[in-house]
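In what comes next, chain A is part of two complexes: it sits with chain B in the first one and with chain C in the second one.
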Partner chain A sequence: MQIVANIIFLSTFYVSFAVGLALVFGVMRTINFAHGEFYMFGGYALWLLINAFTGILPPGATFIVALIVAAGVVGVMGILVQLSIFHRLREQPFSIFMATLGLSYVLQVAVVKAIGPMGQSVPAPFPGFILFEGMVLPIQRLVVFGFTVVMMGGLYLFLMHTDLGRAVRATAQNRTGAMLQGISMNHIALTTMFVGSALAAISGVLMGSVLIISPFMGGEALWRAFIIIIVGGIGSLSGAVVAAFLFGIIDTLMTTFGAGKFAPMVDAIIMLLVLSFLPSGLLGARE
Partner chain B sequence: MRNTRGIPRLALSAVAGAAALGMAVTATTETASAQETLQVGAIQPQAGDCGQWGIPITRGMQIWADQLNAEGGLLAGDGKRYMIEIKAYDNVCYIPGEELKAGRRAILDDGIKFMLQTFTPGSRQAIAQMTTDHHVLTTSYGAGYLSKDHPYLIGGITGSPAAYMLVASRALTANPDVKRVAIITADASYGLAAKAYFEAGVAAHPDQAEIVYNESYSPDATKDMLGLLTPLMASEPDMICQLGFVPAQLAIMVETVEQLGFKGVYCAEGFTMPIILKRVPAEVLAGRMYFGYAFEASEASFSPKGHELYTTYVEQFGEDQWSPYTPIGYAAIGTIEAGIRMSPSIDSEVVMKTLLGAEVVDHPIFGPSRWGGEEIYGANNHLLTPLPIYNLGADGNLVLDHLLDHAAWWEQHMAVALPVLEAGGQVFR
Partner chain C sequence: MINRAANRQANRIFLRACIGTGIALPLLVALPHALSVYWQSVLVLFTINAVSLMGYRLITTMGGWSFAHISTAGLGAYTTAILTTLETPWSFWATFFLGALIAGAFAMIIAYPVLRTRHYYFFLSTFAAGEALRQCYVQFSGITGGTYGISFIPRPEPILGMDFGNSVGFYYLALALAVVVGLLLYRFDLSRLGHTIKAVAANEELSESIGINTWALRTLPFVMGSVVAGFSGVLYANFNGLINPLDFSAVLMFKLVAAAIVGGITTFWGPLVGLLYLTALEEVFRDFTQWIPLLWGVSVLGVILLAEGGLEMVIIRLLRRARRWWRSRGDRPPNGARQRR
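Coming up: the complex of A and B.
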């Protein structure tokens, strides 16, 4: 039974990080390489606030404050990246690729210089664990799972039940058609970058409470997220969720049965097979 | 006339100018000879997750240089003082190909003659021939890829991977109730070396303990500690020996196995206790954390000089940036310092011959130490420094648990340990 819990916890991590990237890629049709650093900022927001508010606020309350602050601040950073890079370099996807790659290195080095290269870990804001049916369920991981469900629910409501969300979906599905309907591409781009960046930061806060927080944590997560969104179908949020659970199952089972060191290779092979036989991914729309 | 008078004036001016220039050059040369600079290379990861090892190690070397420079330079055996300049080169994450690139930059481009690198055998092998061809005396915090064919590669201290064997053995000696040992190491050449050395340390206690779990993990799997450690805990160990987690990952590992019900002892090369104690209280872990690598500078009793490294580091970078890996580069470069002090010349070949020819090396941190390694490497290029082993006190501070005589331990247990190392592919003679 512990394996089931482990699968859910690992898949939660994959989902929380990959959806923001999938959203940005689906709408913008280009990769923001600094997405991983936005995730890293979420982790450091938690670390800074936990250190600042120790003895002032309960850790659980600080955790929630960190979620709000990180989402707001990093969302605004996403808007700045949209205005300074994506908008200025529109129609030049390779230039955007290089510019955001450069930005990601700059942000990493800035954190190394400002805080230091050593990874940090914060005490669990919701400590302890529950024993249930032979499973060890750390409360913090249950909290992360709960907040990820809430985050996904909020994203679903935004995309499905608001005019702005519908406009974002329309742009992701057919950019020209959306423009013909009078949807402002600049407005949608700003909204997408705010929401996508805020999701990365929320993911960083959530995962920072159970993983290590380091200047380089974004790079590792980004490569895993690429595999997930490619297999799920580029731009497909539901595909990203399905692929996240697929890799959560595969990686957990391989680790449990002593083959964890082969997991990255197997994941890459799955991605290559999907690209070969299902170029649009599991749930992606054919271009 | 005007010209004939002008020429001598011009000539006089030129001579005066040349004389002034000559005096200036002479003065500069005298200053330079008084403060001749010795460049020392450090090949370490300077970015990425592995930078959590490489950057503190490089900083430790820089503090070593700063301390010597503050004394007016390193007093060499030739009677002169040499200012030290540290030059860092990135090997990305101990990747042999990157080590080779870094070695080329250091040796071929910059003419480095004294250097520190990782003990990781694959990385050392990558530059072994180059260091030999160009006479670059290269120390390391342990004994990787030593050979009589490559006398310029030395193991500067006991360090990796021998320390793993000694720490595992010490933890078993101190805890006779430990019967079941789990070993978990990174799936990399340094992890495979650690695996064999942990096994050798357990093999020295054949009537006490058996290995019940022995697996390598992909660094990619460390984001899911619960999944990674569930099968380990299913083996019901009394002792967990690990190598490869970066400090904060190690904190999460300790927290996770504690949640999964572990009550036994830990052995590792180092624990960054402030990070761990944020997750698990000191009273829970006291007396259960055995570790040793070079020396732990935050603990003052073993080496006052080494403790200065800690205080300086904390002043410069902050306490939360302290790493148990900082002292290892500091200690390993100390062996080259000892060699330069005793050598009649700073020529790297002379220093190498003087150092390896010495029956006893007076190490600045560990004191008198002897060379060993013949049985494993076919060459006595490994300085067997004593290994201080630490544990956690109930108050959350580190305590010196035991000072282990490496040479004596090896003499006592070589018969059982050597075949295990050989089976693990760690004997190269």
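Coming up: the complex of A and C.
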């Protein structure tokens, strides 16, 4: 049973990290390489706020404050990236990709110089654990799981039931068609970058409470997220969720049965097989 | 007829490049003797990176920017590291070719899936494949030494009286490889095949419709470039004497990509100019190692946002202006003549 819990915890991590990347890709048709660094900023936001508010606020409240602050601040950074890089280089997805790759190193070094290269960890804002049916369930992990579900639910409601969300989906499906309906591409791009970056930051706060926070945490998570969104079908949010669970199951099982060292290789082989036989991914639309 | 004329022109350009190399060679050979031991090793590493980068540029001509190049070079490095440190060690020269071959074989295996992808898909899939390969270097610690890597990798045994034990001797080995690889790849770049590869990159559907085997022409540069990467990896391992997975990390991949972007890839020498720039930056800020990726990142951002086409375009524009100035100088009447009139 512990395995099931572990699968859910790992998949939560994959989902929360990959979904923002998939959203930005689906709408902007290019990759924001700095997504990993935005995620890292979320982790550091939690660390800074926990250190600043120790004894002033209960850690649980700080955790929620960190979620809101990080989402807002990093979301605005996403808007700045949109204005300074994405908008200037529109129609040149390759240049955007390379520019954000350069940006990701700039941000990484900035954090290394400002805070230091060493990994940090925070005490769990919601300490303790529950024993249930022979499973050990740390409360913090359950909280992370709960917030991820809430985050995904919020994203679902936004995309499915608001006008702005519908416009975002329309743009992802057919850019020209959306433009002909009078949807402002600039507006949609700003919205998407704000939401996508905020999702990265939220994921960073959530994961920062259970993992080690370091300047390199984004880069380490990014290649797995690439595998997930490729297997899920680039731009497909439901595909990303399905693939995140698929890899959550595979990686957990491999680690549990002592084959953890083969996990990166197996993940890559699955990706290569999917590319060979289903080039548009599990749930991706054929382009 | 057109083909033959084009071929003759390519030969002429190539001959000029050979003569240029021939003139530069004595200088390059003499160069390490004027340098301190530290700068000699910088020079060796620069030459090894230049080899790898020339292979990388070949891959970019087919339209895809691979992110697995450095991990592929790692295959060459690990091949030589493992085989030359066995209890009955292999000869360096056997692993030199085997390492490159293994790198090429890896490229051929992943070519089928990753070359089905274009644009960003291609970056992502090669990035993920390369990083997974690097994770294998970490995880299979039984043969790769895990995060500690492999140490005490011997230098190549002497051949034809050449000793590779010191940096100067090793530099000559790297230089020989760079010259051979450089001239071969340059001739390839000028050839009809090289041009066809660029045509495929420019418009794949059109190329296919006139009967070009686009599949083969995308696989060929990818595999060839990876073989070159394998050679550079072998040299790197033997020069450094120890390797670990961090030697093939994303930061170094970024250095290659940044060199190609900062230099530009339209010309054969563009990426090398970029590498020269990045290496110079690295040495100027030698005491601030942590800042170096930031400086590279800023350079990439600067070139993309402000100087499209990279340094090569800046140089070409300057050369053109200089030539125009040189020509107009001859047309103008001498100063004295004007005064007399």
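Going forward, the second predicted complex is superposed on the first by the 287 of 287 C-alpha atoms of A that agree within 3 Å, B and C clash if a C-alpha of one lies under 4 Å from a C-alpha of the other, contacts with A are read in each partner's own complex, and residues count from 1 in each chain.
Methods note: contacts are C-beta pairs under 8 Å (C-beta built on N, C-alpha and C of every residue); 3 or more make two chains touch, one makes a residue touch a chain.
This one's a predicted model, so the numbers in the text were calculated from it and none came from an experiment.
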Three-chain arrangement built on chain A, chain B and chain C clash or fit: clash
Touched partner set for A:F126, first chain B, second chain C, both or neither: neither
First, second, both or neither for A:F158, with chain B first and chain C second: neither
First (chain B), second (chain C), both or neither touched by A:P117: both
Which superposed partner A:F226 touches (first chain B, second chain C, both, neither): second
First, second, both or neither for A:F53, with chain B first and chain C second: neither
Which superposed partner A:M98 touches (first chain B, second chain C, both, neither): second
Chain B versus chain C as contact partner of A:I31, first or second or both or neither: second
Contacts of A:L275 with chain B and chain C, given as first, second, both or neither: second
1-9, 37-45 or 217-225: stretch of chain C that collides with chain B: 37-45
Chain A positions touched by chain B in one structure and by chain C in the second: 108-109, 112, 117, 219, 224, 260-264
Contacting residues of chain A [partner chain C, same complex]: 25, 29-31, 85, 88-89, 93-95, 97-99, 101-106, 108-110, 112-113, 117, 219, 223-224, 226-227, 229-230, 234, 260-265, 267-268, 271-273, 275-276, 279
Chain C residues touching chain A - in the complex, by the definition given at the top: 65, 110, 112-114, 116-117, 119-121, 123-125, 127-129, 131-133, 135-136, 139-141, 250-251, 254, 257-258, 261, 290-291, 293-294, 296-301, 304-305
Residue ranges of chain A in contact with chain B within the complex: 2-3, 5-7, 9-10, 13, 108-109, 112, 116-124, 129, 136, 138, 141, 210-214, 216, 219-221, 224, 251-252, 255-258, 260-264
Chain B to chain A touching residues, read off their complex: 47-49, 51-52, 55-56, 187, 215-218, 220-221, 223-224, 226-228, 230-231, 246-249, 251-252, 255-256, 259-261, 272, 275, 278-279, 317-318, 320-321, 323
